[in-house]
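The data blocks that follow each hold one structure.
There are two complexes below, and they share chain A, which is joined by chain B in the first and by chain C in the second.
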Partner chain A sequence: MPSYKAPVEDMMFVLKDVLGAGQVFSAIPAYADIDTDVVENVLEEAGRFCSEILQPLNMSGDAEGCRLENGVVRTPKGFAQAYAAFSDAGWGGLSASPDHGGQGLPRTLQILVDEMLSASNLSFGLFPGLTRGAYEAIEAHGDEALKALYLPKMIAGTWTGAMALTEAGAGSDLGMLKATAVPRGDGSYTVTGSKIFISSGDHDMAENVIHLVLARLPDAPAGTKGISLFLCPKYLVDRDGTPGARNAISVGALEHKMGIHAQPTCVMNYDGCRGWLVGEAHRGLAAMFTMMNAERLFVGVQGLGVADASYQTAATYARERLQGRATGVAGTAPIIAHPDVRRMLLSMLSFIEAGRALSLFTALEMDKEKCHPDPEIRRASGGLVALLTPVIKAALTDFGFEAAVLGQQVLGGHGYIREWGQEQFVRDARIAMIYEGTNGIQAQDLVLRKLPLDGGRPVRMFLGLIRDTLEQADGIAEAASQCVAVREALAHLDQVTARLIDGDLVASDERNAAATDYLRLFALVTFGWLWLRMTLTVLNMGANANAHARRKIAVGRFFADRILPQAGALARQIGAGGAPIMALATENF
Partner chain B sequence: MKKILVPVKMVLDANARPRVRADETGIDLSGMRMSINPFCEIAVEEALRLKEAGQAEEVVIVSIGPAKAQDTLRQALAMGADRALLIQTDETVEPLAVAKLLHAVVMDEPPDLVILGKQAIDDDCNQTGQMLAALLGWPQATFASAIRAEEGRLLVTREIDAGLQTLSLPLPAIVTTDLRLNEPRHCALPNIMKARKKPLTIRMPADYGVDVRRRLKVLAVRPPSGRKPGIKVATASELVGDLRAAGLV
Partner chain C sequence: MPSYKAPVEDMMFVLKDVLGAGQVFSAIPAYADIDTDVVENVLEEAGRFCSEILQPLNMSGDAEGCRLENGVVRTPKGFAQAYAAFSDAGWGGLSASPDHGGQGLPRTLQILVDEMLSASNLSFGLFPGLTRGAYEAIEAHGDEALKALYLPKMIAGTWTGAMALTEAGAGSDLGMLKATAVPRGDGSYTVTGSKIFISSGDHDMAENVIHLVLARLPDAPAGTKGISLFLCPKYLVDRDGTPGARNAISVGALEHKMGIHAQPTCVMNYDGCRGWLVGEAHRGLAAMFTMMNAERLFVGVQGLGVADASYQTAATYARERLQGRATGVAGTAPIIAHPDVRRMLLSMLSFIEAGRALSLFTALEMDKEKCHPDPEIRRASGGLVALLTPVIKAALTDFGFEAAVLGQQVLGGHGYIREWGQEQFVRDARIAMIYEGTNGIQAQDLVLRKLPLDGGRPVRMFLGLIRDTLEQADGIAEAASQCVAVREALAHLDQVTARLIDGDLVASDERNAAATDYLRLFALVTFGWLWLRMTLTVLNMGANANAHARRKIAVGRFFADRILPQAGALARQIGAGGAPIMALATENF
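What follows is the complex of A and B.
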């Protein structure tokens, strides 16, 4: 049976030693009293909750799945109790505003807890994750009355949230959506439409479900500039916050899907239900998009979390499974002695630790963007967050899925059958590449919107950070070979970036054709940079580095020598331009 | 009861792989993950349950150890204890010295009940509770698997070889906890944050006039030698012959 242990020591290494989060927090008044000790306490407890309560429900939840009975969604056995325990322990309000009952802790901490939730039980983690997305949207854009009525219960977890965007005819292109909202004359609206793929759309774990629905007002302009955001509760709420009459919202069906079976993904029908406008009319998409960076960081971390869960099982299995002979091992060898098995495990591990470092680097920038007293720092951090968000969402879920496949492969046939849980990780990890903007959309966002952002300032600044680290590493013998690999990969990225920004690949079709490969190249160079930073950190610790820290040097070296050279191939692919992609006539597909 | 005192020990985390120091003087704890001793955690949980059932008013935690043991105390505070005391020392403190320090703390406080873990998972001494009871002249019930307060007395069920034994103790008393007494709670996030603001006092062993120097001499600490591969024997008589040859029968 699989088990999961939250990698608190690795998390603290990145946070404290590599990124110096303690100093960052102390420069931010809202976080001035957050020291790394309390961060560690919180992570330990969160990890314990995930290992002991959520992980044991992961396989059973997958096997049982959700059921739709007489219009009501039933979650798998144990989920409702686990959710109650989760909410009672206050985990849902970790990063929520203290004004409405949250703990007001940094995003950085939230993202680590999100990783644990995703690793231990992705289906479960989506409930509080979507609730957070919804309450953050209400907090940022709702009027005071809505906030007072809905935020405390959502933050406490008594009510959960759902985000209703997609329709059958409007997926990546939300401008095509058809749901309507008509004013009722009493300040509320009548919302009508059908939405698909609605995570946590309905369930039996909380007393109310608060839907944020995108719909068009009667006078709405066509396209994305005519979409407004409405709050539609499953049960209408009276003035003192007590849920009463059922709103005209129903579950049309549960989607039958590849993974996350314990998560009720619903077709939702809003049959003239009552809703309240959140934010300004016709500005609904913009309101949603203010949450998007945080949501996409959350989804990226889902890929990371599932990869780590798969790695933990694969590494344990590889140490214990005896098959074949290996050099230096008397008798039958554990399969971890075989180079090809080690290659798989190291590919997973070197991605997981670099991916975690990237998610924490970005979360810390997000905390600075939101709370730092210096407006220049807020602006610079905002640029980095905007730049890195699509990279995290796509790269962490792409590599996360690839890692889950490797974790399955390590177990051979035992990875394909259900017993060890590895095939579930493959199925569950797959969704993160698709929802919250497909990874193709993320790549477009990076190349078409984020590279030119602010006159190219964020990307120049980010590549400058990589050069700074290379400079610091100059002359340090133990880091020399990593430096060479990162420098070489960075040169490829620099050259391709210049061609995409104002060179021969600047035409939008060229950039479109380059996008996915470019994002992967960008991610590889970023991971190489973060491995170099981790290596330098361990070297700086000198004799104080424990065995756990020292092992990072070997993993970083593996990444630099065995993974990072892929940057060269990607640069060549991109350099070949869009012509080979467009050459085949459409009718010949 | 007005007050319950719970002594707790910080130990090498049960999941960490211990490494013996090269000079064979002990386990290398530098940079290792440390945790609250699981039996002590059960003791904290039981004290909190008695308090929550209205049987006690205050739960005080005490630890003897290095500055880092504050983390262990904060965890107990996050579980719900009211305040904590650290007697700070970097020495390895033997059970008798611990018992003497706790004796002094009991004189200061004084509690109606002291609940301790029956032993620590690092050195497995299983002595402190008994020694403390002797120093105080208080009744003791060790290896508790159930505790009930009743009319000023404490009913303690113990797991013994013959089955379950229930003792009735007058208060004040000493109880040490066994594994099956309870399952410690998960800390709630708001309580972790609140725990940072609860009082935590730091004192030194000298403040209590206790000399914590070691009385026992450790000759060497070595990792267990690796298990040797077994052999297959064809017959029972061959087995008996091998056992005889090894001097085992």
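What follows is the complex of A and C.
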């Protein structure tokens, strides 16, 4: 059986020691009185909840799955109770606005709790995750009446949220969607259409489900500029917030998926249901996009969380399982003594800790973007968040899946069967590379939209941060080999970036052909940078660094020596341009 | 719904045009009268069987799975009928010796049929695959009485085979196995023990199941040198070959697996069952190893087959699915017009065709090793087969899995649900990286045993073949850029190989630390070489090359430009040595 322990010590190391979150918070009035000891306590508490309540339901939820019975979705045994406990403890409103009953804590803290939720039970974590996405959209774009009626119950977890974007003919290309909304003359709309792949679309865990549905008004222009966003509750809500009559919303089917079986992914039918416009008419996509950064960070962290859960199981197994002989071990050795097993575990670990540092770095920038008193800092942080969002979503889920596959491999045949839960992690992690915009879409977003953003200012600023760290590391012997590796990888990234922004690879087919390799290169350099920052942090601690902190130096070195060389290969692949990709005629595939 | 068409034209291109199998066969008396037209007919026929009979059972078999009912394993609906049709058509004995009723065709042909079986229904393919493994072991090591009694029925498919090696405490380390065999004084033995992960361990498709069980005799030395091989039939067989009384063999449980659900992977209990020694006492492992090359080639080809099935579905979907705008396409474009989708498809295709060429190259060497009249050629071929076996097993299953993941990604959300079958390919392909020796074990086999084999002669010979092709390509303009890429990658491989054989990386921890990256580097260079050979073959055809043949040039160029650069990164990772892998203390993982 797998077990999961939230890595609070590692989290606090990055938050406090590497990123200096305490100082950042102290400059933000809304967070000025947040003490890092309090943060640690919250994380310990969240970790306990995840280990004790959610993780034990992960395998049973996968085996049982959700069922659709006479139009009602039944979640697996224990999920409703766990969700009630989660809501009662206030976890659903951790980072929500105190105006509507939330605790008002920073995104930085939220994202660490999201990692724990994803590590212990990804299917479960989607319920509060989507609820938060929905209430953030309503908070940002809804009118005061909608906010007053819906936000308190959603933040309290009494009602959950769902996002209904995708239709059978309109996946990545939302401009093609066909759902309609017609004004009823009373301020509400009649919404009609069918949506697929709707996570948390329906279930038996909460009193109401609040759907945010993309649809077209009668006078809507074609394409993405004619899409509006509607709030459609499963049960219509009285003025005092009491759910009453059933709205014309039904579950057409549950999708049969590779994984996240405990999560009800629904085909939803909106059969002339009542809905309320959120934000401006025809501006629904813009409304969705304002919360996209947070949603994509959340999905990236799912990849990270599952990778850590898989790592913890693999490391435990590798210490216990005796097979073969190894240098320096008398008798049969635990497989962790074998170099190839260590290589797999270190590949996982070097991704997980760097990925966590990246997600925290970005969450902190989101907190600054939202709440910092200095508008210049808000603007700069916003640029970094926009730039890093596709990197986090795609790289953390790609590497996260690869890590889960390695974690499965460490267990050999025992990784392929249910027993240890490793095969579930692989199946569950796989979805994160697809939903919330496939990783190919993320790569295009990075290369086509984020690199040229604001005249290239965010990417220049970010690469500048890497150069700053390299300068700080200059002359520090224990970091020298990492510096060499990062400097070389950065040179590759610099050169390719220039070619994509205004060089020979600027044409859109060239940028598209480069996109996925470029995003991976960008992520590798970023991870290398964060490992260097972690290493420098430990070295600065001197004698105060404990063994747990000092292990960062060994893992950082592994990453620089045994993973980062891939940066050079990716730069060459990108440099070869789009011609080798475009040459083959469509009919010859 | 997925569909599969056996790529007979591509197969014949490699077999006939690239490898010149016709000439090779004509030099081998046993195969001298094999006409390549006959081969093509056999392949067409096999392809039809796979497309029409086996592929339609693949998804239903996965959904239904096997069940254990009162000790009896039930295979999914349609499997028993399909197996009867398969055996009636003689497919089970394709490459088996005519002495016992086989058709005596070359391994080269067998491996192509194996690829089709794996592509259309991996779970099904394991039944005849394991039967062949078992009858080849009996043929090579059994005494005449055993052969006469068991081989004809196994070759005819009336009885199937199973290999019982693994125990709960003895996976990769067979020396730890505990099953026992005690002589009964009548020439037979009492075999006792429990085995796990036994593919085709029991089922309802054939009259009898012949288990080859590894166990220890009472006087056995410890470790791998005290293991013997026993034939234990599910039903005891009369002298005339009629199955009679049930042997004391039972199914303890079916494993709950990530995939290959239609394949009954059993926990088997041998409760004092009767068995017969196959080969010499204490030499069971050697007996198993003589057929290991064939089994590992078979498993490698599973990765290849599933990758091709996934590719075919992804390419079909990409041509049909309309999403977004693309250069040169009016209106909404099929996603195959998007560079990133083409990149995914080309990554798959460039692996599949090179992987097939490698499997065929090796199978042809196996045919020469077994049947060529010239003992020097037999020896040289044997060396190449030994060298390439771990490469095929690991690289074809690693790249095959990666290809299936890409094929799933092409379909976005539709790849994550059952509908198109792509998620099943990922789940099924995953096992091939684990069983028949994990890919980590394969990499160790390559680096620790195969590189130093025969004083390094096989590896030198193989690298010499690559150099020969580069020389042939010299001065041919259309192959020039591929030549540059292959020459550079080969230089990396040469240099690292020398360091591993007798240079600074010769210590066993260093070789183990290098193993997985080295195997991947070896495979990439080999694929690059085979793409160059395919390109040269097409160029030599001149005006006779049709569009289907000419597409090889485009795919080969893609591989050289956009995949092969990884060779340089792998060489650097290996060059960094084992220190970064060994530095972290076990307790700090």
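Basically, the second predicted complex is superposed on the first by the 589 of 589 C-alpha atoms of A that agree within 3 Å, B and C clash if a C-alpha of one lies under 4 Å from a C-alpha of the other, contacts with A are read in each partner's own complex, and residues count from 1 in each chain.
Rule of thumb we're sticking to: contacts are C-beta pairs under 8 Å (C-beta built on N, C-alpha and C of every residue); 3 or more make two chains touch, one makes a residue touch a chain.
In this text the structure is predicted, and so the values were computed from the model without any measurement.
With both structures placed on the common chain, the touch criterion links A:R551 to chain C but leaves chain B unconnected. In the superposition on chain A, contact of A:T586 is made with chain C only, not with chain B.
In the superposed pair of complexes, A:D37 makes contact with chain B only, with no contact to chain C.
Of the two partner chains placed by superposition, only chain B is touched by A:E52; chain C is not. By the touch criterion defined above, A:A315 lies against chain C but remains apart from chain B after alignment on the C-alpha atoms of chain A. Touch criterion not met for A:V73: it reaches neither chain B nor chain C.
The partner that reaches more residues of chain A, of the two candidates chain B and chain C, is C.
When the two complexes are overlaid on their common chain A, residue A:H256 makes contact with chain C while staying clear of chain B.
When the two complexes are superposed on chain A, the residues of chain A that touch both chain B and chain C are 547-548.
Those residues of chain B that touch chain A in the complex are listed here as 15, 19, 30-33, 71, 74-75, 78, 186-190, 192-193, 195-196. Against chain B, in their complex, chain A makes its touches with residues 5, 9, 37-38, 40-42, 45-46, 48-49, 52-53, 85, 88-91, 93-94, 103, 544-549. Put simply, chain C touches chain A in their complex at residues 166, 169-173, 176, 196-197, 255-259, 315, 318-319, 322-324, 327, 332, 334, 336-346, 349, 401, 405, 408-409, 412-419, 423, 426-427, 430-431, 433-435, 438-440, 443-444, 508-509, 512-513, 515-517, 547-548, 551, 554-555, 557-558, 560-563, 565-570, 572-573, 576, 578, 580-586, 588-589.
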